[in-house]
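Each of the next two complexes has subunit A plus one other chain: subunit B in the first, subunit C in the second.
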Partner chain A sequence: MISLAGRDILHAWGKFIFTGVGLGLLIGVTLIMAGVYRGMVDDGKVLLDNSGADLWVVQQATLGPYAEPSSVPDDIWRSLLTQPGVAEAANITYLTMQIERGEDDVRAMVVGIAPGGAGTLGWPRYLVAGRQITRGHYEAVADLASGFQLGDYLTIRRNQYKVVGLTRRMVSASGDPMIFIPLKGAQEAQFLKDKDAILMQRRRTEANPALNRPNLPGLLEAVLASQTTNPSVNAVLVRIKPEYLPQAVAEPIERWQRFTVYDREQMEGILIGKLIATSARQISMFLVILAIVCAAIVAFIIYTLTMDKIREIAVLKLIGTRNRTLVWMILQQALVLGAIGFVVGKITATFAAPIFPKYVLLLPIDSIIGFVAIQLICTLASVVAIRMALKVDPAEVIG
Partner chain B sequence: MSIQGIQIENLSKRFGEGDTAVFALKDVNMQVAPGEVVGLIGPSGSGKSTLLKCLGAVIDPTAGRMVLDQQVIYDEGWKVGDLSALRRDKIGFVFQSPYLIPFLDATDNVALLPMLAGVPNEEARRRALELLTALDVQHRAKAMPSQLSGGEQQRIAIARGLVNQPPVILADEPTAPLDSVRALAVVRILNDMAKRFNTAVIVVTHDEKIIPTFKRIYHIRDGVTHEEVGEGRLPT
Partner chain C sequence: MKIFGLQRRTLALFAVILALLLLFIYVALRAGPLAPIAVTTTQVELRSLAPSLFGIGTVEAGYTYKIGPTHTSRLKQINVQVGDLVTAGQVLGEMDNVDLADKLVAQQAATRRAEALVEQAEATQKFAQAQVERYESLLASKNTSAESVALKRQELALAKATLKAATADIDRLAAEFSALLNQKENLQLKAPAAGLVVARNSELGSTVVAGQAVVELIDPASLWVHVRFDQVNARGLAANLPASITLRSQQGVSLLGKVLRVEPLADAVTEEVLAKVIFNEALQPLPPLGELAEVTVQLLSLPVTAVIPNAAIRVNKGQRGVWKLTQDQLVFIPLLLGRADLDGYVQVKEGLNLGDEIVLYSEKALTAKSRLQITKSLVGKEQ
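This part shows the complex of A and B:
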């Protein structure tokens, strides 16, 4: 038996191709939307992977530096090293800010990394150009997505940093590129007040008789010194010894040091379950709407194509074509239209994804799910046309 | 009794119920033998199309009996189960317009019927080409319907009606859009094919040009038929 659907498609190939391309662009947008969500999840996982930490020690009753402001003393990392199971501990700060880049500026996450070397917790795990930070001040390693080049100077608050290394896929949970600078500079950027504010605070402190006692000459200087220093970081990253379980190490830190400790699984839950949950729901809504639009388009096209063939369908029924043959013909056309649309959509998404400012991760499983969903949508969308074809009275062609 | 061709006895068709009931056919009797071509003529609204639809197993008669090639199709409310297969295997249709499938070439338009009946594609195409040769349109075998003239299309439509070698062919005003030369050519083809394939042919028409070609004519008016002998003059 010849394929009636195939012959019809070949006969009206232009209509099918153009409709398929239009549908494909819509499917391409759908795949990209799914890819944006996957990219957000991947950004979160990359952020955690790149930190190299097994545990995050953060301010008590906060969700940690990625989700909420968190401040912990910058000297507790030493006491953490004494805890059983802790192999390594390092301070870290995170600050998302606008950084000038030529005439423009770029949104980036400035990461303050503790002194050390490659492999230290929080440091960029690999470089694509240049070298790691070797000095305690005024050097930076930037993610390629920030647009900075080796040798560029960037200004963070009052200080200038020279870009000595470039890395890639080092991004925040919201996809902003990271810029790594030494911890001291990052602490200043985050906690240090501007000169006028310091001056005003100094005057207020001097005017306070409780802090400026003539009989205690060293007190005022000590208070002023404590006000201008910034002994806080956002979190301490902890790597545990291989033979220890994260929860076993975290529990005594929480109990005795009065901090909140998250392991990798919990932190991933915060990033994906809380930080990007709203965005995920937003994208899901878009996907549902796009699926409905796809279904409406396929239904309309298949309905129109079937309407154009009413007379032929009546003839086919009159000469003895079984209903299932007609149903299969219409269904095949819908499925072929979906397949054309999917191929065009997949190609569109593949080529368009790198152009998007945010990371778009196109997973093969999403493509498979997308293909199956499109075919299901096309099957459902053809129901209207099939119902109409089944209602065609073969007697129409007689008399 | 063994009935070849087609026979109907006291066939009636009523539309509507009660006071609004309208009888489109009233106790119609007709018999067409294999190899015979008969005319069915009548004015508009006389019941021609309704009778053709009943004969074509497209609508069910309200009462009466119909036997086609020794098989009872309708009998006082009873009917065979698979009318679709019956139409495919035992009834050939030729319409006023050829109604060829626009996305199939001439050969496949004809071969489609045997293919639907499960005949392998190659065998179905061989049968179709045989018929196209018999109807002298074999040179247009690969042409699409839009590339064919009206006469060629009608011959291919006739080939489609004949390809499954049905015991009966129902032709619904097959010459209406044709000039007299082409119309008589179509009637000649139908007569030739009726004899060649031993097929009963019923031609519904009000085309004055071809009425004299029938040896037997059924007149229908207000749902009632009466039979008369025709001239049977088929110009050579």
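This part shows the complex of A and C:
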């Protein structure tokens, strides 16, 4: 038995393949759009993974430290260590800022990590080059996406930091590369005022007769010193002992230490449900529109392909070909077109994904769903063409 | 020809489809979550670590002299400017005590009055003595009563006491006069030691309270860096260890010094250990006091032990360790780590043997089931 569809494809294979490739590019864009959404969600998840924490202790009644500003004293980690179930606690600060890179600048999330060596909570979990920070000041580990190389110097506020290590996929919830620096430098970067502001503050204090008393030497100096100290961090990361449940550890901290504590699930809810919710919905809308456009174009292509060979179909009908054979031919062609489109789309998406400035995550499950959806769309789209083919009058051929 | 044409066409179609399929399979297996994770490996090596401690501090003077008046007074004269070198005992300025001269005149008058009082008391005592002697001779000849003699004796005792009080008053007033003279002498602000003037806090005519510094001097030979080290990394810090000091204004220039002392009091708030580091050679010109400096203290070399780069350390289920490669199997080995140096090497006390192959860098977090692709570098060029 000869395959009518196969014969027809062979007859105009160039046109067929090019149509498939065109369709594939469209499918590729759709897959990338899905990948962008997955990438956004993944950015949020890697942010939490990279911190290595089970619990986040933040300022009371805030959604910190990622979704809202949060400020907690930098010595509470010690009292947290005394809580039952707490295995490890470490201070952390997060500050998203523009960092100069040569003549350009790059948006990055500066993470202040507590001293303690590789493996401490909040430290980069793995590197792709260089080493972890060993000095308590002026060293940085930067993400590859920031564009910095080993040995580069980057300026954060007043200080210069030498890049000693590089990471990959260490990003903030909005996809900005992370730059890890020692905690004390990060606290300064976040809370210390600029030079002019400090000078103005000094002048104001000196002009205040209550604080600048000539008969009390030393008072003014003490007041000025107290104005420039900063004992705050954004959050304390906590790792719990394996035999404890997160909520069981969080509850006494919330109750007695008067802080808000989030576990991993709640933090994921904040990041994905609140922080990226609008952008995620935006991408979903695009995805839906692209899927509809894709379906319309497939329907149009198959319709055009069928219309192109309407005379041949009429001849086939004239020589007594059964309707079922004709239907199968058109359906087969639509399915093959969908398959070629999917393969081309998947290849295009995979090669195009790394070019995108933000992370594009192509999951196998998305590809499988995409393949099934494309075949369904192709099947539905071929219905119009099939109706046309069935309606054609064989007499038209003989005219 | 037609058959041949058809065959060629079929072949071309199959070639395109095959190429697409191969590319698809490559894409499915080599990209995305199914792709192997590129890693680089390293071996556990034997090495003697020479750990260093890194801290930052400020340049300070070991000896600072704050020179000011001991009584509230007005600045009459000031002879030095910031930056002047002064010698021990040099007069730096003078205070004006406004009413001190009048007080001295009053004191002198008071002394003269006291002297007159002494003369008066002496005369009274002399007369009282004569009276006692006269009445005693009258009593002997029974020409007066015993009571009268007793009365004269009491008058003599009173006169003696009055003379003693008047004499003591002279001593008091003399001491007070001397105190005022001392105070006058002290109005001169003198340098207690040779040094450099670093601050001139008041100008002529300013009233300065007792204890407030008019001029601040430092001993330029006593410069040191007040350094702060993270407590967590301060192991091994001790006096006399060699140090290299980089001033913030002289990046790239390393000055030699040594640890003078580790402060017995640490900073509990900032969680830092404090130490004083001195320069081996006197600096010319002097760096400004308060300038930030980076200090690296070189500790003694440790015995040769197994070491690994700190980039290889990972955390798995709350334990620090490394991913070890054994016959292409990935196993997480929890480690007991020792000292570390500033170049990023850490001693391994337990868990690994010399020559063990471990994962150094990886482009993703690893699990025991990760498929690996071992490469030389993950960032293009060899770093």
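Following the convention adopted for this analysis, the second predicted complex is superposed on the first by the 375 of 399 C-alpha atoms of A that agree within 3 Å, B and C clash if a C-alpha of one lies under 4 Å from a C-alpha of the other, contacts with A are read in each partner's own complex, and residues count from 1 in each chain.
In this section, contacts are C-beta pairs under 8 Å (C-beta built on N, C-alpha and C of every residue); 3 or more make two chains touch, one makes a residue touch a chain.
Since this is a predicted model, take the numbers as computed values, not measurements.
In the superposed model, A:248 makes contact with neither subunit B nor subunit C. After overlaying the two complexes on the shared chain, residue contacts for A:321 are found with subunit B alone; subunit C is out of touch. Once the two complexes are laid over each other on the shared chain, residue contacts for A:8 go to subunit B alone; subunit C is not touched.
In the superposition on chain A, the chain among subunit B and subunit C reaching more residues of subunit A is C.
Contacts of A:343 after superposition on the shared chain: subunit C is touched, whereas subunit B is not. Judged by the touch definition given at the top, the superposed model places A:310 against neither subunit B nor subunit C. Subunit A residues 10 lie at the interface with subunit B in one structure and with subunit C in the other. Interface of subunit C with subunit A (complex): residues 6, 9-10, 12-13, 16-17, 20-21, 23-24, 27-28, 31-34, 54-56, 209, 211-213, 229-230, 232-233, 269-270, 294, 309-311, 313-315, 317-318, 320, 337, 340-344, 346, 361-366, 377-379, 383. Of all residues in subunit B, only 48-50, 52-53, 56, 58-59, 84-89, 93, 95, 99, 101-104, 108, 111-113, 115-118, 121, 144, 160, 172 touch subunit A in the complex they form.
Listing the residues of subunit A that touch subunit B in their complex gives 1-2, 4, 7-8, 10-12, 311-312, 315-323, 325, 393-395, 397-399. Subunit A contributes residues 9-10, 13, 17, 49, 52, 75, 87-88, 115-119, 125-132, 134-138, 144, 150, 164-166, 168-169, 184, 214-215, 217, 231, 239, 241-242, 340, 343-344, 346-347, 350-351, 353, 361-364, 367 to its touches with subunit C in the complex.
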